[in-house]
Every structure is written in C-alpha cells, then in structure tokens.
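First up is the structure itself, then whatever we jot down about it.
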C-alpha cells in the first residue's frame, strides 16, 4: 500500500533541476516564468530545486557547448533514479542557429536519452507546462518499472 | 502494562508521532497555499508536502563518495526523533504534557538545538562544499535567534515564577507556566509580555528556517545548502522534520503565551488549538514569506541581535521590575 | 576511626612521587620497566583514592593524617597535615582518573619521542603535586605543591622543543604563572602574619568572619584569589593557556586543562567558602562570578578565530572553567553543586577532546584546521569519540555537559530571582549564549577536521591503535554515564562535597580535635546546607528519544522491501562513477575542496570591531600578558581593600 | 514594508490570476504569434528559396524520381531546429509557408516535431519526334529567313567567328566622338 502511495505521489511532486548547457537565457527565463502567478506550476507540485540530488525532472536548455558538456554529463549522472530528462527549446535537440559551430558538441541526444522535448525559440510557458505534465506521467511509469 | 500502553499512545499517536506529522503536513500545506494566494496564485494542494515526502521515500538514495555513510544516513533520523520528543513535553491539551519535568524549557531549547545540530552534522558528513557553507549559515542563524529566544524564555519563566515566590525550584516548567496562565489569563494579555510575544513571533520563522530567514537552504545561491547532497529517504526525513518543526514552534508559542485556556471539552480545545496554530503559521511564516526577499546572513544576525533582542529585553526588564 | 584508611592519602601522593624517582632511575636502562613503574604508581594512586570513596563520600568521614605524627598541641597546629574531606576527595578523584587516563595514553602517544624517562618523571611529579595540593590541609604545602606543579607543567609544555613556539609558550607560562605563585605566597605570608597559623582548618576557625576583618586580611584574600585564578587561567591570564596547550603534548594538555585548572577552582572554593567564608558577601560574589562570566564569554569568542585545533580547545577549556567559577561565585548549594559537576564533566569531555586532537596529530602530524579534512573516512572511531566529546561540551542532551549546564542555568536564574538581581540574570543569558557559541566552534572543528573532503596527503592515514583509543573510550563512557545518571552523581559525589563545604565546624574539628570549633564559635557555613535536589531525570525521555529514533529508523531504512534495498540506496562500488562525486555545479571533484576553518564569517563580520580589539589585545608578547596580570592583581586588591 | 503587507493581505481575498490551462484548453496565443509552421505543398513551386534563407538549416528537401518521370518532392521542416523567425514565409513567393499560432510543440519522439509536405512535380509533356524530311524543311526555312534578313538590313555579312568585326574609319570616328561627349557630360556632372 505504501508503495502504491509512493507511485501515485511520484507524479504529484516532481521537482525540477535546470541545467543551462550554453543557452542564450531565453528559455531559462521562460522556465522561471512557469512558476509565476499566471502559470503557477506549483499547483501541480512543481518546485525548482538547487541540486541534482533532489531532482526528478532535469530540464536542459541550450545547445550543448564544449565548455558545458562535461559538466552537463556529470550533473546528469548525479540525479537519482527515477529521473526524466526534458529538453527545453530548439537548441538541445538540434543546435538551432548554432548548428555546425566548432563550439557545439550537441545534440543532447548524443549524451543522454531525452524523454520529453518542447520546441520553440523560446517555447511559450503553457507549452513548457504541458511538457512537464507529460514528463510526470513518464516519471510515474519509470517508478513502476523500477519497482518491478 | 497499562502505563506502557499509555506511553506508547503518547509517543505514537497524541501528542507524538502521528499527531505531529498530521499537524506538520497540514500547517505546511496551509502555509504554501496562503503564500500562493497572497501572490495571487492557486497554490499546491493541501497535502502537497505529504506527496513530496512520499516521493522522496521512493527515490534512490545516493551516498556520495566523500560522505560518511552512518552519520549521513542517521543524522536526520536522530534529529526527527528529537523533534518528536519535544512535542511530548508540550502541554497542548489542558496543561497535561505526556512527559513533564522541572526543566522543560531548557530541555526544549537544547532539543531544538539538537535538531539543528543533527542537520548540520549530517550536512557536514555529506562532504559537499555547498553543505559546508550552508551549515555555517545555519549556525549563524542559530546564534542569531538564540539570544532573543533565551531572553523570551527567561522573561516568561520570570513572570510565572515571580508571582508565586518560593515556588522557585520549578522555574522552567511548562506545566507551571500553563497553570499560571490558567489562573491569571494567557500571558499575551499581560502587557509587559507583549514585546516578548512579538519577539517570539520573529523567532519562529528563523527557527523553522522559513523563507526570509532560510539563509541556510538558499536554493539559488548555494544549491540548497545543507541538503545539497541529500537524496531519497534521508531527504524525506529532513523534509518531514521541517514540517513538524513548524507545528512544534507554533505549539510552543501557544503554550508559552496563549496557554491556560480550556473549555472543558477536549474536542473543542483541539479545534481551537489547531486554529491558533494555523493563525500563527499565517502570521509568522506565510506573511513574511510572501512579503520579504531572503535576507543575507549578516542581516539576519543584525536583525535578531538588535531589534528582536531589544523587544525581548524590554519584556525581561519589565517583568523583572514586577510589571 | 579506621586508622588503616588514614594512611591512604599520603600513600596515594607518595606512590606518585616515589614512582617519579624510581622511573627516572629505571627508565634509563629499560623504557618498558619505566612504563611499568609509571603505570603501577598511577594505578596505585587511583586505587588509594577510590578506597577512600566509601568512608569519605558515603559515611561522611573526614580523614586527617599528620606527617610524622605531629598532631596539634594546645590548639595550635604546627605539623604538616593532610585533610581529606568530601570536597578534597572529589577533586582527588578527578585528578587521579585524569592522571590514569593520561598515563595510559602517553605510552603509545609518546613513543616517537626521545628523553622519555624525563617525561614520565616530570609527569608523575606533576600528578603527585596536584594530588598533594587538593588533599593538603596546610596552606604552605599548598604553595609548595603549586610551585612543583607550575614548574613541571612548564617543563612538560616545552617537552617537544622541536615544535615551533614550544619554548615561547613555556616561557610565557613560566613568567606569568610565577606572578600567580607569588600572589599565593604573599597572600600566605599576610595571612600568617595575622592568624599565626598555616593549617587550613585552624585558619578557618580563627578567621574573624563575624566581627569584621582587617585590611591586611582583605589584601591577603585578594592575592590568594588572583593566585588561584592564575592557576585556573581566568580572564586576563587566558592567553597563557592557549599558547601552552597549542604546543604541549596532548596528554599534557589533558593534564593542564583537566587537572591544573581544577586546582585553581579547588583553591577558589576552599578560599571563599572555608578559609575566608565570605562567598556570600555580594562583593566577593560579584568578583568571582564576574571574572568567571567574562572568561567564559571572551574565551569562547576567541575560540572562533583559531586555526589550530588545540589552541581552539584551549580557549574552550578556559571558557568552561569560566562556567565553573561563575556558579561557584553564586554561594548557593545548587550553584556549588553545578560548579563541581561541571568541573568534573569538563575534565572528562575536555580530556577526551584533547586526546582526540592528539590522535589526529599523532596520525597526520598536523593540527591546522585549514589543512585537515575528511578524516572520518580514515579514522572513524576517533571521529565517533570526538563527536561524543563535542556533543558533551556543547551541552547537547543526553551527554554530561547538558546535565551540568542545566544546573548552571538553574543556579544563575535562581540567584537572580532570590537576590532580585539583574546581574545574575545577565550571567544566565551569557551562559546560555556561550553554550551556543561553543557549539558553533565545535561544528567548525567537526566540519574542517573530520568531515568534508580528504586531502590527498592524508589518504594513507590510519586509525590510531587500540592502546590510544582505550583511554579515550574510558572518558567517552564516563561522558555518557555521568550524563545519563545525574541523580547518582548527585547522591554520591555532589551532595557529600557540597555538604562538606557547608559544614565548616566538622572540617575544623577533624583536624584540630573535637570541640575546637564550638569553643571559637565557628559559624556553620556560608551556604544553606542541603540537599542539592532539583536534578533533572533524563532517563525517562531518553528512552522516548531512543524509541522514537528506532521507530523512525525502521520506517526510513526498512520502508522498502529488503530484497530490493540495494536499488534504493546506492553506494559507491568499484566503479569510478561521477554519480558519487560531490555536486559542485558539475565541476570535477578535485575542484570542490573548500577549507572550513573560517566558517562563521557572517557572525564575525558583524563583530569585526570586537574581534579587531581582541586581536590587538592578544598580542602574544609576554610583557603585555604580565602587564594584564599585574593590572588584574591591582584591580582585585583595589576591590578587596575598598569594600571588604 | 507596509505597502507590501497590505497588498499581500488584499490579494488574499482576490481571485488568483492564474490561468486554468492544464485543466482545460490551452489559451490562444497573441495575434501574430509565430508558432508551429504550416506548409501547403499544393502552392509550393519548389523554388528552394526557403531553404536558402533558413539560418538554422531546419528545412530539408527530398526529391524522388518517379517512374513516369515525375518528381516527388518532400519538404521537411524540423520544428526543433526552427527559430520561428518567419523569414521563409516572407520569402515564399507563393505563400506556401505560414507560421500558425499553435505553440504546443511538445513530444517525445523526433517525428513529433517534423512538419512536412509532399507534392509531385509533373514532368513536361514529351516532344513529338520529327522525320528527316521535316528537318530538312525546317533547315531550308531558316536559311531562307537569314537571307531575307541580310538583304533587308544592308549590313555586311557576319564575319567569320573568331575575328573582330571591321569598322570603317568613319564609324570609328563617330564612336570616338560619342565616347568623348559622354566623358564631358560626366565631368560636367562631377564638377
């Protein structure tokens, strides 16, 4: 019963850790605006944490630059299971306008499995909320798989 | 046998473990909703913190390379145990505490310290540099609120003892304080203690580590500070400790300044108690959270050692001169 | 009276002194034999003192021994006397236990040093002199013992001459310490000129307590007070202790902080409660309490600034002695009980802490808080011991520091209440604050020495051998036991000691013959006698704490089914995965090392002016320190002459 | 401090200003919002201009030759690569590309982010085959036309390839005069 309760609350309290892998700050600002009164992701239980150890959902923004690559990989490894990786904006999936630059070592798919993506440059907060909501479903599923 | 059962009941149900957790979850949920409403948000569901706790229980617990396993895992648990023990000393219902002695206040003071110290030792054992910064801030915050807290404590004891002289041995007893209030009305109605009550209201959020004073757990500056390396079950216990601490501090204020009230019906008393706790949560935690930005650690220290300590000192001096 | 028992005090002292001489003869040829002799003599001393426990503590006897059988004739005591009442025995117990532990520890701890025969000789002489001091019934003997104690302590401080500052520390101790010794000598001379006797009991009997005292006696009191205060390293003398502790071997630091300072405390109690019987006069009370409170607070703030493990402990040592002196000055049974209790606890936990510091130094060769770190990985048992000691000194329940500190708060609060005095209330606040500050600086040590990250150079450090851990465990167990059963301590140690202080006629009669006190109408005592009730009972809620902790532990750790636990708690295995690195914003683990010795800048920033003053004040120049000492003597004399 | 407190307290009794989104339909985007791209293959003429102007190179074109000679042309627009700058739409002469107001571009697979359209470019109708007589006839006709032209123009017959045309001295003098006049006019303008 306890385990079932945990399963259910997995989707109800997803904590987000945000990694900026060389983003232009546009997506980062939109992610913060998700927590503002207008969009209020906290009513779904979202919370921004400051450390990967407490995160359930890792949100990555930015094309993966050479400078940030190692740090990104290291930080992603430090997130406990079950975890979901969300790519925010166009950059992490493709490199966007930075595609082909010598300073880019993307896309994010090369380094980790991306569960949910939200495209846009930058995405609208509603789209981010929708993506995060989708991520919570995946989180719950992963937890159930982990239990089996 | 009966005594054992009673003790187990005290320990596990009321006013111990279950009641504490229930109140902690409710109050912290209420706090989050109230803050959200003051910011014109909808806010999370009332049981959000309970979900958080459960979720953390289900996560993987990573023990970092630099951590000392035993201390890392057991420090939060010991801290939580100490917190539950405090609740057993609080005579929240009819002046009867599950366990009472002649030194309640000092014991409570030190148990609260123990709770914080367990957090700090755990953070220290996790080996993270952020945790190191966090624990240093927590310690400075503790030094900050300790002075006003001690002054409040002394003025309350002085007030309750001063009017029945030669009852001296029971100076720091909460039961005594309750009985005094039952006879003379709640202490908050005595004007000489109003500054102390105000000071205590300021002490509560810092003791709990609520928003404007949560220098130790600043998410954005120092990556959750003391909890930087914590994940999974120990983190869940820390979160639970945080919730229960809100309840314990509210209940402590209730006992110190609003005690002695009793309608004779236990159920009504409990309802009144819960309502008072909710009000205190709103006043001391939600309102500053919604209104203030986080202080710097020097500012916290300055604020508590000047304004709040001055308030408490005024009370102490007034009480000392028999007012 | 049991005549056989009467020989035990002198046997205890002589076993130590004889041991010293035999060791110096034997150890030149065989160090093992020397060690054996030292161990034998400290064990014998401990045995003799323990044997006195029953008659003195339980039956309330006072044992006197006249050297050479020179008993008092016609009401005048000329011979040298040992007089063991419960107070003396209380301190005797503290001393012998500390000596025993220190000696055990030395065997392994000192094995890298040369000139060991000298070490054990000096060590045993130090022990013997301290024991002689607390058991002595004769004021001049007290002075002789103080001198032996000071000089052996100085020699032992400088024992490791290779350390930077060893000779300097020893020289400071010698110079300023002799100021205190001189004070005692002058005080004794003045006292002798007035009362024509050196026997403690007779002085107590002849002291004109009720009919106003002379100026000379007031000056004598002032000199004696400051002399004993120097031995306890009270406020203006505290830099000495810091310098001495930082360079002395850890076993000697234990002796200096646990035993030598207790001599000062013992002297002040004897002085104010029995010899001059003026502890209940407000001036003396303010003087003693004031000095105690200032030492308590100044030293704890000074400890914030230290970067050396043992220097930090040294400042705390004086801070804790400040607690003891503070409550001793309250002249109440509760205060005295609290003071004695804390004195005992201080020896136990501070001894433990010094020994752990010594263990760290022994294994790593460093005491620098900036360089050490993460030793809990390599020395887990020492860490556990240190945590017990740190929790005790910070007054965390359920260890012994809490029990005695609780009594201290109670005593100061009650004093403020009964005398309706704001000063005592301020002292109470000060004591509570000091406790928090103590905690803060031990958090700092915990973080910067034992937790945090292990520097590369200490990766091969090993745990100290069992022979060094055993003495530490003895003290750690004492920490827990005296904390868990304060009522037993109360009944068997504190109450007898306090009632011995409260009953001066008995003390006088034991030495001078029955009826001597009554003839000279010696007053009963400065404090209302007994009992020192009002202990707190920790066992009940300790059981609660324990059960709650167990319950939560079960929920937390075993909440998930057992067979899948490894999936939930993951610990580093063989693989070098970044998963188990500290999170440092994604940087590599090697960059995440942060020094911890300056942890509390938030606090220190606000107090920067105070710390600047203190920094200038502790100049490290022996002339300055002597000047402070002289100023303190002048101040005390002024107070004594004008008001007593 | 006080204004903040009063504001917070008054907010307590107001309705939250949060939109209901995850519960109901997503709200409409602002006018002229540039969201998911819409491509209408029926309008496209395969000019490739959009590909040329796309900075992040989000557009790919795939041309498959069918058996009947037609080309099946597929334009694929990758939304995870797009910066939504609207340049492709601006440059599209046939207005085949428009950026819609649909901003909900969320998915778990790469396919969720692709917008593509396919059209078939018809090959031109096959030319009829000529008989040798017809060719000869056409040649004759062309030559006849040339001759007629030369006779009408009175111009010297075209010089053989590779040689410069020869001008008469009068023609050269005329051209020189014209060039000088041009120069003088330019100098006047500058002056």
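By letter and in written order, the chains are A, B, C and D; residue numbering begins at 1 in each of them.
Keep this in mind: contacts are C-beta pairs under 8 Å (C-beta built on N, C-alpha and C of every residue); 3 or more make two chains touch, one makes a residue touch a chain.
From a predicted model like this one, the values you see are computed outputs, not experimental measurements.
Asker: Please identify the chain with the largest separation between its CA centroid and the CA centroid of chain B.
Answerer: The chain farthest from chain B, judged by C-alpha centres, is D.
Asker: Comparing the two chain pairs, does A-D have more C-beta contacts than B-D, or is it the other way round?
Answerer: Counting C-beta pairs in contact, A-D comes out ahead.
Asker: Please indicate the chain closest to the centre of the assembly, with centres calculated from CA atoms only.
Answerer: Of the chains present, the most centrally placed is B.
Asker: Measuring from the mean C-alpha position of chain C to the mean C-alpha position of chain D, what distance in angstrom results?
Answerer: 92
Asker: Can you give the whole-Å distance between the Cα centres of chain B and chain D?
Answerer: 70
Asker: From the C-alpha centre of chain A to that of chain D, how far is it in Å?
Answerer: Measuring from centre to centre gives 38 Å for this pair.
Asker: Calculate how many whole Å lie between the centre of chain A and the centre of chain B, each centre taken as the average of the chain's C-alpha atoms.
Answerer: Inter-chain centre distance comes to 35 Å.
Asker: Counting only residues that touch at least 2 other chains, which ones in chain D make the list?
Answerer: 16-18
Asker: For chain A, which residues are shared contacts with two or more other chains?
Answerer: Counting only residues that touch two or more other chains, chain A contributes 3, 37, 40, 43-44, 51, 53, 78, 80.
Asker: Send over the residues of chain C in touch with two or more other chains.
Answerer: Residue numbers touching two or more other chains: 559, 567, 570, 579, 581, 583, 585.
Asker: Hey, how would you classify the chain contact layout here, line, ring, star, complete or other?
Answerer: Graph shape here is other: it fits none of the named patterns.
Asker: Considering every pair of chains, which are in touch?
Answerer: Applying the touch rule to all chain pairs gives A-B, A-C, A-D, B-C, B-D.
Asker: Enumerate the contact residues on chain B facing chain A in the complex.
Answerer: Listed in rising order, the residues of chain B that touch chain A are 32, 36, 39-45, 48, 50-52, 54-62, 130, 218-220, 222-224, 227-232, 235.
Asker: Which part of chain A faces chain C closely enough to touch in the complex?
Answerer: Within the complex, chain A touches chain C at residues 2-3, 19, 51-53, 68, 70-75, 77-78, 80, 146-147.
Asker: Touching chain B in the complex: which residues of chain D?
Answerer: 1, 4-5, 8-9, 11-12, 14-18
Asker: Chain B touches which residues of chain C in the complex?
Answerer: Residues 374, 376-377, 380, 383, 387, 391, 394-397, 402, 406, 409-410, 413-414, 417-418, 420, 422, 425, 428-429, 432-433, 436-437, 439-440, 443-444, 446-447, 450-454, 533-534, 536-537, 540-541, 544-549, 551-553, 556-557, 559, 567-572, 579-585, 589, 592-594, 596, 599-603, 605-606 of chain C touch chain B in their complex.
Asker: In the complex, go through chain C and note every residue touching chain A.
Answerer: Within the complex, chain C contacts chain A at residues 559-560, 564, 567, 570, 577-579, 581, 583, 585-588.
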